[in-house]
């Protein structure tokens, strides 16, 4: 059973296009980050607090994207993000970018992250995150702080 | 025998850093593009002309990056680019990002491109490019227009 | 009587921060563009169609921003945009950036644009835009296509 | 007598273009920053050290740009930067962007900065910077550490 997916919408900015008339490819990684952060928020976490209060930075170790169709200026996009794997010190996310008007899949991607403290040294992901993240992998849609 | 590598240097801009105090990861893909374009120039081609005169756009179909060490503000970087594979309608590039002062490898990456015309339709790569690109795979360091 | 203001909200992206821990200043100009486009949409126009169907590109001729307080990662911002002046071939917009949680004014700005065709040559703004844009300056909140 | 100008060259990246086929306007502010940092370096200062060792961040308080001609992909540009004014807590820089191949002036701009410590609080610019910066305003071309 696949992990629940969180969906965020955003609109393509003019600044994100290039002279081919489509979105420049590196912007998809910025959108992945937007989707990742909103997935965390939907799970009851703020990435801001994760960094500031829990000294847990999810540093990108690997990133990849497969481009199917171009995204265009002013497109309304749906960024679908989910957790693919949780380990003590790493976490893997998967993404899909969909054009809202047509339902077309524009791109898929993955990022692998290492949990680091503010000095950039690897550390274990605090328990409360592990619990909620792992629950999503079993197909449930938990939210931190919910009573069980 | 590995394809010859072209090396470009660039300096990390303040705008490329994020609040972790290191370079935001999507910028590496922009640097890959800088390396790719300078590799083409070293082979005797201008990507500007490739688009305008030969209607051959090398559209990104896949991109990936593996991050080893953070790049930091004002670092002088060496972007090493080479051709990994040439087919009639696709071309694959490989990259390494190295901190010049220490020689440390910061990241490696690959991009796969589909050759498209200005309407975004796939087309064959013109002969002159295929010849020079393929020669690099045999370990020679050709330059378009050189007498054989 | 001041022109009606259109308000758009957006959330600060991690990619928009720099190593000072605040938003890098050039991003405010990208947000101004987001506000400008949404103001046009609220007036009944799509900037996409303005370019494609009416061959009217609003090219930036001058841009300025005055920064009062830093914007920070994950801040929810309100971008307030309005038209300040409409002439046959130019249009001036004004902006305010406000942190939603505190109501604090973070920045103010202005952009002056020249209307150009797709080749970049100045042209007159089509009548339908002039009418609606000018009406905002008289304090009304028109929408293109509304019956009078 | 005008302050000496420092000139840096850079090449327009594909990522910096937009679907108008020219450089997106906010990138000029990033180039101004490149020019500013290289001007500092030419005066004997590293902005990296200015932040880390002297706790002096030159935070942007105002930025403006006037666009004359579009910059295009692969253009080699000359960014000319100079100091316009030095006060105890503020410093003003001026910029010109020139297309190298034609000598055409593409844009002019100015930025006003407030000197802040790492917490973002205004502070006085350390003496050694004031001395060298002020000397440029008298038309000399000093370098920090030079014997007088």
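Each chain gets a letter, A, B, C and D, in the order it is written, and its residues are counted from 1.
Operating definition for what follows: a residue touches a chain if its C-beta (ideal position, glycine included) is under 8 Å from a C-beta of that chain, and two chains touch if they have at least 3 such contacts.
Because the structure is predicted, anything quoted here is derived from the model rather than measured.
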Interface with more contacting C-beta pairs, comparing A-D to A-B: A-B
Option reproducing the contacts of B-C, where over half of them reappear, out of A-C, C-D or A-D: A-D
Farthest-lying chain, centroid of Cα atoms versus that of chain C: B
Between chain B and chain A, distance of the C-alpha-averaged centres to the nearest whole Å: 27
For chain A paired with chain D, centre-to-centre distance based on mean C-alpha positions, whole Å: 36
Where chain B touches two or more other chains, by residue: 14-15, 20, 22, 26, 30, 73
Arrangement of touching chains [line / ring / star / complete / other]: complete
Parts of chain B lying in touch with chain A, wherever the complex brings them together: 20, 22, 25-27, 29-30, 57, 59-67, 70, 120
In the complex with chain A, residue positions of chain C that touch it: 13-15, 30, 33-34, 37, 46-48, 73-74
Interface residues, chain D side, partner chain A - complex: 14-15, 17-22, 24, 26, 73
